[in-house]
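Dropping the structure in here first, questions after.
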Amino acid sequence: MMRRRAWITFCLAALCFGFLPALIRSEYFLNLFLMFFLYVTVAQSWNLLGGFTGQISLGHSAFFGTGALITRLIWTAGVPIVPALIAGSLSSVVLALLVGVPCLRMRSAYFPIGTLALAMIAQITVANLFPLPGSLSRGYLTGYSMLSRYYLALLVAMLTVAVVYWIVRSRTGLALVGIRDDEAAAEAMGVRTFKHKVFALMVSSWLVGLGGGIFAYHQVSYYYSAPFELSWSFLPTLTTFIGGLGTIAGPILGAACFLGLSEIFAISLGEVHLVVFAFTFILVVLFVPGGLMSISTKIRSLTARIARRATRV
Amino acid sequence: MATLLEAQGLYKFFGGLTAIKGVDFHLNEGEILGLIGPNGSGKTTLFNLIAGVFRPDRGSIRFGGRDIAGAGCADVCQMGLARTFQITRPFPLLSVLDNVKLGRAYGSKPARTLSLAETEAIEILDFIGLGTKRSTGAGRLGLIDRKRLELGKALATKPKLLLLDEIMAGLNPTEMEAASNLVIRIRDAGVSIIIIEHMMRAILKLSDRVMVLNTGEKIAEGLPGDVIADKQVIEAYLGVDTHDAQS
Amino acid sequence: MGQTLVYGVLNGALYGIIALGIALVFGVMRYLNLAQGSLIILGAYGILFLFHLGVDPFASMPLIAFLLFLLGGALFWASFSRLIALSEAGRIKNSLLISFGLMLLIDNLATLLWTGDERSITPAYSGLTFGIAGLRFPLIGCVGVLSALVIIVALHLFLARTYFGKSIMAVSQDHEAASLMGVNVNLTCLVSFAISVGLASIPSALIGLKSFSPTVGIQWFNKGVIVVMLSGIGNINGVFPAGLFLGIMEAISVYFFGAPYREVTGLVVFVLVMVLFPKGLFKRQEL
């Protein structure tokens, strides 16, 4: 029942977003939707590790940036984008294995700080290694098509949501939420918790690396260290918490709110949306641990109760 | 009767403190072994050694013929040794059903598919009397239901040996009676049990054999009736549980 | 090389002072205050504002310290106080999340108020140096070392000798036992949090005299947290040596690898220490 409804929602979303470019020609809106897909990818991949497994990472910018860097370098060297994207995202996984796994070995409360340190190391190192911005050469610019970027970003976002949904519904997903709720109890019930945490980190870094690849494919010119900026770590944390930690719809909702607010304020006051989001984030952590999703569930059960009462009358 | 669990010369030190001091014991298949002793005598530490939370500093633990000392909780559980925690540890954000389903999905004889795990988890919930609360969030259960769930989670891993750590603390006499019956039914289903309990009456009634720990040492072992008449045991409990022990 | 080491020691003292505030809340409450760096930068903007009115940065420091103390108390009352009842791991995780939001809030408010431009406080004496044994010592850096020493000794005496300091020590060891002995745990936590935010005023002045912008707070926080981890959790006496250790390590790495990798050194040391020595390097006694 649940599964079928999720299928229908998923296919409807794919159809709507798939046919959207036929209705809306505006470059601005296509760009906006592309950013939405990118944010969903980043937030949902973060959610697998942070929301479902309970390991709050502040280092996703390192994986996002690595995906972007490697994809860009391979793609601009003349390789088609899809293999470049795959290579880029796999290099994120390699980074996660090399440096993220030691972070998982720390006491779990320090995981956020350890990953934050990693993100900073990666940012500084890349800024030092590649001090100049990378711009597309003339050949790439003449062939630049917004539509192909739009569809690739859509594909990656759909893939991310599908993969996370599939894992969370599986046997492994049950173990992940168990680890989040009580690691020692999960271990005592036969779950090899460290292995599962590594698995969640690998999948999460792979998906966010794909997101980085989309960034590299989309942007015409940027400093190589730009996708390594800490804001790419902060964004998924904020949006997922506000949307609803550990739910599939939460990060999507959070990403939509974030993008909407930033567009509203972009014209007048640059950083206001971040102030609003940071403040909301604190309120959510303190008072509404379930985020927007839990509010919507509450409203739904409330309206259901009212409806039931109304029919009884 | 075959020996299921056998421990020899167990030692565990915490800094300068010797928590377990040269304990030997064994458990036969289908047996209920009561583990008693005053507070801080090392009962829970002994459980933690058996369940793989700590590695003993000296000594061996053999379970079904294999050495499990320091094997790690998950591995020990997958070999068929489950435990409950003294302070219940449900997965608070998961439903009661998912709590138990996790044990069926991992544990020692995991169900082949997740839907099979769910069917079997529902059977376990019916067995422990939580069938009607399967979709409740585990964090919202009351004390008795939390205790039931703790037992259900351990049973869900299909253990050959079950370690029960004070599952009756805080229950009233009627509930305790029901819990005792449940323990006996679990044993009759072929599970061997080691049980820690402060309620003397319950443990004497349940156990085939009783072992007494005091300051990390085994001071007595034998039939329930013999053990409580032991002078050393009475001394160890003096002023704490003597009244209860004699009644 | 000698000159590099001088700078290393001066920077290290600054790291030590930054770490002091972080170590205090971490020791007493197991709160990890990610916003400490942003609060330091906020203080620097305050000192800059007063400097434009003609007040010397070191003269305005006590006022800024007092204002930050009040702000810290208010922040604790409004948000962090709600976490005291949680388990240790829960306190670390939730305080980290709240202060993460706070950091973004302060940084972006600062950007709105004062733009993202890099600022610097420049009194007449800011560039002065003096020479001893062929090495150059910048005046402000030396004042920084001195103030670090004074503050660390003062804090130590406060914790060890005063009644309130002792109640802070008691709470840091065991909340429940302290409250049973008649210590007002909530008040003690509030005051120690406020003190730690007030302590930010010293690095505010020292960093203000270098240069700052709204988003650099996290980098200074990182220096502080590296020092705290090196020193060992709850070990306030180890903070200053650990700060010097980090400063000197950085100086040596600058000598060998060049300035761009100075930041990386500390972070790499940090990650290695977290993985290899989870209890810290200078662990001697509990706070």
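A, B and C are the chain letters, set down in written order, and residue numbers restart from 1 in every chain.
Keep in mind that, in the parts below, a contact is a pair of C-beta atoms (placed from the backbone, for glycine too) under 8 Å apart; a residue touches a chain by one contact, two chains touch by 3 or more.
Just so we're clear, the structure is a prediction, and the values are computed from it rather than from any experiment.
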| item | value |
| --- | --- |
| Category of the chain touch graph - line, ring, star, complete, other | line |
| By count of C-beta pairs in contact, the leading pair of chains | A-C |
| Chain centre separation in whole Å, for subunit B relative to subunit A (CA means) | 43 |
| Rounded Å distance between subunit A and subunit C, as computed from the means of their C-alpha atoms | 32 |
| Rounded Å distance between subunit B and subunit C, as computed from the means of their C-alpha atoms | 48 |
| Touching two or more other chains - residue numbers and ranges from subunit A | none |
| Residues of subunit A that touch subunit B when the two form their complex | 170-171, 174-175, 177-178, 180-182, 184-193, 246 |
| Residues on subunit B engaged by subunit A in the complex (per definition of touch) | 51, 53, 72-75, 77-78, 82-83, 85, 89-94, 98, 101-103, 105-108, 110, 114, 117, 153-154, 156-157 |
| Residue ranges of subunit C in contact with subunit A within the complex | 32, 79, 82, 88-89, 92-94, 96-98, 100-105, 108-109, 111-112, 218-219, 222, 225-226, 260-261, 263-264, 267-268, 270-271, 274-275, 278 |
| Interfacial residue positions of subunit A with respect to subunit C in the complex | 56, 58, 99, 102-103, 105-110, 112-114, 116-118, 120-121, 124-125, 128, 230, 234, 237-238, 241, 269-272, 274-275, 277-279, 281-282, 285-286 |
